[in-house]
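Below, chain A partners chain B and then partners chain C, in two separate complexes.
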Partner chain A sequence: MLRYLARKLIIYLLTFIVAVTIDWAIPRFMPGNPIDALVSRIALMPDANAALTSYFMAAFNLDQPLWRQYLNFWSALFHGDLGRSIMLFPTPVTTLIGRALPYTLGLLLPSILLSWYVGNMVGALAARRKLLDNSVLPLGYLLTATPYMWLGILLAWVLGSTLGWFPLAFGYDQSLKAEWSWRFIGSLLYHWVLPFASLFMVALGGWAIGMRNMIIYELESDYANYLMALGAPQRLVRKYAFRNAMLPQITGLALQLGAVVGGALVTEIVFSYPGLGWLVLSGIQNQDYFVIQGVFLFIIVGVLLANLIVDIVYVVVDPRTRVGLQGDAA
Partner chain B sequence: MTSTTGSAPASPATKTGRNEILYFALRNTKLLIGAFVFMVFLLGAIFGPMLATHEPLTFDAPPGLPPSAGYWFGTTLFGQDVFSQFVHGLRSSFIVGALGGITAAVIGMFVGFFAGYRGGIVDEVLNMLTNVVLVIPTFAVLLVVAAYLSVRGLGTEAMFIGLTSWPWAARAIRAQTFSLTSRDFVGMARLNGESTLRIIFGEIAPNMSSYLVMTFILLFGGAILTAATLDFIGLGPTDSISLGLMMNYSVMNAALQLGMWWWFVPPGLAITAIVGSLYVMNVGLDEVFNPKLRAL
Partner chain C sequence: MLAVSDLKIHYRTLAGSVKALDGVSFAVGDGEIMGLAGESGCGKSTLGKALIRLEERMMFVGGQVALDGERLPIADDRAMNPYRFRKVSIVPQYAMSALNPTRRIGRMIDELLAARGLKGSTLRPELERRLAILGLTPDVLGMYPIELSGGMKQRVVMVLSTLLDPSLLIADEVTSALDVASQKKVAGALVEFRDRGYVKSMIVVTHDLAILAQIADSILIMYAGKLAEKAPTRTIVEAPAHPYTRLLLGSLPEVGIRFEEKRLPGIKGRPPSLLSPPVGCRFRDRCPLAFGKCVEEPPFIEIAAGHQVACWKADAHAQG
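So, the complex of A and B:
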């Protein structure tokens, strides 16, 4: 078990180093000079110009040798310094991310977990049941093929714009003050429904199809045949099949995280939802590179942490990893 | 992804084998429906731009018109022809899908073949690399890379998508190669003193060709989806129109509030249909190639 987790940890550590290196290298080695672009942009705001120019020089330490720049980057990272936003100048990027993060997590966690749970249930039910399967399978493929933002757009158009049941934009009613009152919480929930629903539905299809295929595969295996030959009830055979089919689905959960996070970002953009996606979009529109890079690092760390949690869950769920037999190959 | 795992490497292809595959392919409704939908959009991408009477990005039409005889898909808020944008966007999607899919397939095959065939330290290193790229949220990487490119073309976009989407393919191909490497005919080839490249491309690859085809199909669809997402976030090609950009423009310019459905429905519908048809084709091909699945 320790070997299994240690192996995974090494991969995550390596991934983190690679990601930070990418984050460091891209502004320095990409064609064109982002600092020039930044400074020329800021020249439009004369009072901020001098302060920012010197700030950039300090932040990038461009006069120092590359290896020292690299070390500085790491040291700043460990001090929790992701730079300052350009569009909202003196605000540190970490503050902006901290403000946006609850919204993104509030969308992501429920939609990932619920779609995974419901999708597995639906898929397990549909497997080898002709009638249900004939509707679940095509619908599942349709949903996985749908771009996240398009389903969001459709929901916003039909339920928001045409029928007027749900708000089209923002995280809460803009006339309210952000505070812990029932009215505000109600408004938060009301604005949360559509973005959540679109994320949930797109992710649902993939899980249902995956589970359906796994159950069919398991029902063809020797142990299932043996159980059926013994005359075990269908329910019992399916239960065993389900428990075995869960394992690849747990691994799949870790693999899909990155895609779902991407989906959440674009869904937020559709609904002008004030999470990380919206932050990235304004970062892109204002060429606020520190914000984009900060969000990048944050997503990486979040996905790696989530992967680690999934691994620990896997060890708990799959006894083979505990006794040293190879469960899921790392 | 999971749907391809069931197919075992087919026996060496013979003439009768090919006829048999054609026989089952022509009787597989999933494959036929998928191929039909795919072909419709492919033809639209090839010939559509010739039919379009307007340039996709010029402002020469009355703004905000619903679909009509003059403007088949209506016009945008700024007086651009949506039909023209749509067919040009289709073309972009197919180009990105093909280039991105090919890039990812080539890398995935290279890594998978060598890791699976060589084993040992080569396998360890390549496997580590695969795992790292697999864990990284590639979308976030694409975001940062694209944000720093001030000029972006379809080619660069496709290349970066290909460079980040290969790991699962490499993993799957590695596993298949692993099982083929222990077969007798590979051992014979080795005894004959054939080179590694010859064994991989002459002995191993042809015996998993069906698998490779299906992998490419999934990579193709994935690249189209990723490109649309990137374009939507505002990091698409700067020199042309794409389906994702159309959705971006429509949402950013209040098409939702104005109820201009003809602006945002066609691009999303096209992506869903193309990617969906690829997935369904993939399932159909799986049934055609894998005799175990045929009996159903």
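So, the complex of A and C:
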């Protein structure tokens, strides 16, 4: 067991190093230069521009050779320093991420967890009742085939624009001050409904179909047939089928949770929702190396952690993996 | 004592109903191990399954099944439940994957027994005793199925299936997936369970006549959804009356003959489609003895004590 975990940890560590390296490299291989953009925004005299450019290059350490930048990046990383944003100079990237993170988590955690729970329940019920199955299955396929942003736009159009029930953009009413008052919290919730609903509905369809198919597969398996031949009541057979059908769903959930920190990019853009997805888009548009790097780093850590957790949870819930690792160790 | 009369089971398919069992009647006595043999698709597995649980696409068309004088409601899945496991039980073809992979075996058995209104703890000593007979320690009850070898899983299933001392056990192709040594052990275990009275009568479904010759008291040969011949094992092996039985036995290898020199004869042709089976004797297209009368269906009649055959030429044969 310990050997298994140690080996897994080494693999994750190597993956982390490679992923962080790529994360560092990608913005630097993009054409263009963030400093030019910054300087052109200030729009001074041409010779002043040159001076400013070299000043900023030095300030961001971008005048140093690449290998030096790379080492700087790693050492800063271990000090918890993700650099300063270029577009919102001189705000530290950690502050920007800290500001965006609550919106993303508040939007994605409930939508992923709820859609997972409700989807599995609906799927399990559908596998049991023909009538429900005939309605759940087509609806599920329709929902899961719907692109998030399209459903988002549709919801914004019908419920926001036409009916005027919900606001179309932003995380809260822009005339309010961000503070802990009931009015502000109410406004947050009000703005949260539409993006949440679009994410929840699309994910719901996928989970429900997955669960339905897995249960039907399990109910046709040999152990289910054997139990029924021995006169076991449906209750017991379904209990086993449900439990076994949950295994792949658990993996799916954990992977989704790992991607949570990346934010739902398109959904956040549709609703101008100030989460991480929104942040990374502005970072890319402004060639803000440090913001892009910082957000991607979050995604990398999130996905790796989620995978690690799945590995550990699976050992607990599925005896087949346990035997697998005994065999490995031998 | 099992009595089956005129049992008809069809399979629903898009092309129509496949008449897998087309009116079969036979009896299995107390303490009898009856072998059920025939080619693939002859209906032997269908017969075995029909006696305990009809699959979704299997359709009960007619006939009666009585066990110990009581009629079995095989067409009614719910009504059949009380009989399953207690009166009729099965060691399925897929015994190696018949246990829930994510439950410890002991716990699964307890949960099954509890669902049938029995207490696992009271049956535990008997369960462990029977596992020991088949060379398994009580430790297996604390294991997951994947920790056991295929043969061990099969033995666990045999013990579980017979735990409530059923009147009838159906052993469906139990030796098919095993190596010869394991085959012998499993075959021996079946006989042992009968001798100890754990099971009253047994139907051993297989295409392996060699195994049946060792353990069966009688053998029933099926062909294309119908019964061809039933007789005590000795009679089937030494004096088969149906031409199909003779050809089936003739396609078995014998010790000491090298088949590079002498090809196994086999049986030419293929069984007829059961979607629309031919009238008359179903074996007539492949039968070397077929003659004019074979366009009429031969009755399944007794030509000697305990020896029934469905062939117009059976009498002449048995004597000649």
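Quick note on the criterion: the second predicted complex is superposed on the first by the 242 of 330 C-alpha atoms of A that agree within 3 Å, B and C clash if a C-alpha of one lies under 4 Å from a C-alpha of the other, contacts with A are read in each partner's own complex, and residues count from 1 in each chain.
To be clear about the criterion, contacts are C-beta pairs under 8 Å (C-beta built on N, C-alpha and C of every residue); 3 or more make two chains touch, one makes a residue touch a chain.
Please read these numbers as outputs of a predicted model, since none were measured by experiment.
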item	value
A:132 touches, of chain B and chain C: first, second, both or neither?	neither
Chain B versus chain C as contact partner of A:76, first or second or both or neither	neither
First, second, both or neither for A:118, with chain B first and chain C second	neither
First (chain B), second (chain C), both or neither touched by A:157	first
Which of chain B and chain C A:5 touches, first, second, both or neither	neither
First (chain B), second (chain C), both or neither touched by A:243	second
Greater chain A contact set [chain C / chain B]	B
Which superposed partner A:320 touches (first chain B, second chain C, both, neither)	second
Chain A residues contacted in one complex by chain B, in the other by chain C	none
Parts of chain C lying in touch with chain A, wherever the complex brings them together	52-53, 80-86, 89-90, 92, 94, 97-104, 111-112, 115-116, 144, 146-147, 157, 160-161
Interface residues, chain A side, partner chain B - complex	11-12, 14-15, 18-19, 22-23, 26-27, 30-32, 34, 37, 141-142, 144-151, 153-154, 156-157, 160-162, 168, 209-210, 213-214, 217, 248, 252, 254-255, 257-259, 261-263, 265-266, 269-270, 277, 280-281, 283-285, 289, 292-293, 295-296, 299-300, 303-304, 307, 330
Chain C-facing residues of chain A, complex	221-223, 225-233, 235-236, 240, 243-244, 247, 317-320, 322-323
Parts of chain B lying in touch with chain A, wherever the complex brings them together	2-3, 5-6, 128, 131-132, 134-141, 143-145, 147-150, 168, 221, 225-226, 228-229, 232-235, 244, 247, 250-251, 256-257, 259, 261, 264-265, 267-269, 271-276, 278-280, 283
